[in-house]
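Here is the structure we will look at.
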């Protein structure tokens, strides 16, 4: 046996070395951060996940803290990084995730989540493809798949729309079903860089029974006549893309013509487009009347516009009803002091809750408010769980902090 | 074994079967008295080693000699030279006659008168003996 | 008995073996004679299963080559087959480890006979010494058969003597020996049987003593007939 | 003792000096790096040079309170740490070929002996494979064992009041090479090294093909390498894994990739064993 010592030692060394590392070392040896309840109902905090960095001198480690504990994405198994990591945007949408589970075969090869529409009876996927292959006259192909959830019947139509201005980009912003008509809200950009490129919004209406194009309405807004002014636009769609909604929101900035860089906004308009009537109304003035002077972070739920504004020292939330053209209830407005915060980092709303992330003496904290009445439902803070000797750690507040709310 | 030195420097020709050449060598040894009647002879393995021939050949040679009654082997005891004097004597005369025959055949071609021939033979033979003796003495002194 | 039946082999487009057939009997020294590149070594390799054949069969005591037969047939190639890094002692150790047929005492005996130094590194051996150690490795196995490739090629004459002595010793006795050579010289009187190779086949196969007594020819004479014809 | 294990030992024995060399190289480079960097950092602080913006290494880190952590040492000595690792990888990669070819070439062709051993020839194949794995994991666990020692050295040099605590596994990640070598997650470890093993198996098969079919063999071998590489890579790049309209779902692509790996692995082993026992020629 003694002749073989070298091999025996080597093997033993390997087993012991790797064994200990992967059985003990790797598993336990990491800083654990948690969101701990300070006041209120624990369940309100369960959806919150705070993202930040942990640093011990070497490069920062991205980490996500929740009520359960902390997760280090960079340390996830390579398999999950490669495979569940790809196309994760699909799974991030709760409605899409549901459809993926229920209708695996229908969802196959459908990856553009703004192209989905879903109600009790129908699931519709309407995509627009630009066919400008060489030698062919450029044309837009509207390809529509419908699934009748009760009968399980799947239909597929393709409708060709000729493309007068040779679009370089085409993007389906929203799909809605009104009666038996499929509305495709599409953003088309002609060739050329951002400024100087022509933008059009179209509402293509297609008959869901035979796929024929009923109407192609181009939305006209702002006026391009003013010289040294350029229009920049952004669109706001229903928070849950696949859900049915009567409106699409467009925000248009009149911006001073760029000489070499940004010259400042002259004016901004907020339009709402009603699918039923096809009418585009400028809400800017009425909203001003309603006391909304700044559209910061804006989201659309059905016919309710939620407008959230925050700075380091205050946060303000307004809810505006597009149909009644009035704010639904008193604004919720809080100062940092009221929150007991040194600095408000961010706020976000979800299902009638306002979530706020802030920190005080280097400890990240979170608060949850009811948007209907402004009541504080929950407050919590991110704490380090570990040996006291190393408790000097907090989540690195110099690095960017961010908050996500699970569905 | 005293006999070795006279054995190790045997050279064979490639044309006659090796085992016959071995037998012949034995006979020469006998005729010149290097081997005596009844003397124990090397085992075939030793022989093979001494003559650098493979054991099968040695075996064959011994078989031949046994058939010619030249050597005898009782049971497991090592082979020894036969004690049969007549046979031994006949070997000697056989060797001599063989040699003389060969000599006669070659000398016939130039027919020399027998007396002259005998003289020459006698003279040469003595000379060769003389030189041989000197060689041996030289060897002994060294 | 080793039976080689109608073996064919092609190498780099030319046919090296071309229907060679012969047998090797136990208790006999059989010599495979042929000019360089006649395919002598190839035959030995083929018997040892070191190179695949195009066609033909090789049987050892009636069965095809398989791992257990390596216990009963030893191969002594024309060069050492042990890593240069090893000491001679380690080399012997290695053989002992893997061959049940290994006979340690005989190995000792042979090492003494060739007066080889156990502590020497295999890489540092001179050609002659290497050849001797090679013989030790092959002959210290208690095998039925021994195959030797050119045991005398490039060996100084003193070593030749020693090696020749091995052939006429009990180490060879009762075994079936097949050796190859391109110069008959040293082995002329050692071998029982000669196989003359030509064009990848055996063109003459005779018992040496027989051809001497019956035709009064030496092996060299026969070779002349074959190779100068 | 089982003959297969004896063969493994023999292969290990033949590589021991190179292995020892690589290990000591790693040790010298990394210890040297740690000592040198830490010492200079400490003296920097004692001389107070660093907080008037002396050495830039620290100013890189925004949240720096003047204390030193072991992780910081690793992240500032990456190059010196990587050199021995890369050299080791290179040497092992070459030896994957040499472990076979050294038995064919040179004055003594050991392969004659190996192939005429009274054992099933696949043992030779697996012995060489096992040896390679022992070398790889031997070096990895050696590296792993070095890190705590290096941390100890760090603690000895730096006075405790100037020390920030740090996590071994985070320190490992401070150097990408170490992170690859010893991933934090065991799944990743498996994935990396199984891929490596598959590569070794494919190369072994290619070598044995070349050894079995002479000059034409070189062509076949390259062909085999190409095909295997294609089969292994195709599912990852060819099936639109991150194309949002890709027809296959990611987990389906994963399944295909898995099947490919198993297939290539199995075929390579089978081919290797078959060639060495039937077709190989010396």
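Order as written gives the chain letters A, B, C and D; numbering starts at 1 within each chain.
Definition applied: a residue touches a chain if its C-beta (ideal position, glycine included) is under 8 Å from a C-beta of that chain, and two chains touch if they have at least 3 such contacts.
Keep in mind that this is a model prediction, so the values were computed, not measured.
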Chain at the geometric heart of the assembly (C-alpha centres): D
Top chain pair, ranked by number of contacting C-beta pairs: A-D
Cα-centroid distance, chain B relative to chain C, in whole angstrom: 35
Interchain centroid distance [CA atoms averaged], chain A/chain D, Å: 41
Geometric centre distance via CA averages, chain D-chain C, whole Å: 45
Centre-of-Cα separation between chain D and chain B, whole angstrom: 77
Graph class of chain-chain contacts, one of line, ring, star, complete, other: line
Which chain pairs touch, all of them: A-D, B-C, C-D
Chain D-touching residues of chain A, taken from the complex the two chains share: 1, 3-4, 6-7, 10-11, 13-14, 16-18, 21-22, 25-26, 29-31, 54-59, 61, 72, 74-80, 82-84, 86-87, 89-90, 104, 108-112, 389-390, 396, 398
Contact footprint of chain C on chain B as seen in their complex: 12-20, 45, 48-49, 51-58, 60
Of chain D, residues touching chain A in the complex: 1, 5, 8-9, 12-13, 16, 61-63, 67-72, 74-75, 134, 137-138, 140-142, 144-145, 164-171, 173-174, 182-189, 191-192, 236, 241-247, 249-251, 253-254
Residues on chain C engaged by chain B in the complex (per definition of touch): 27-29, 161, 164-165, 167-170, 172-173, 188-192, 208-209, 212-213, 216-221
Touching residues on chain C, where the partner in the complex is chain D: 11-12, 45, 48-52, 67-71, 75, 77, 79-85, 94, 97-100, 122-123
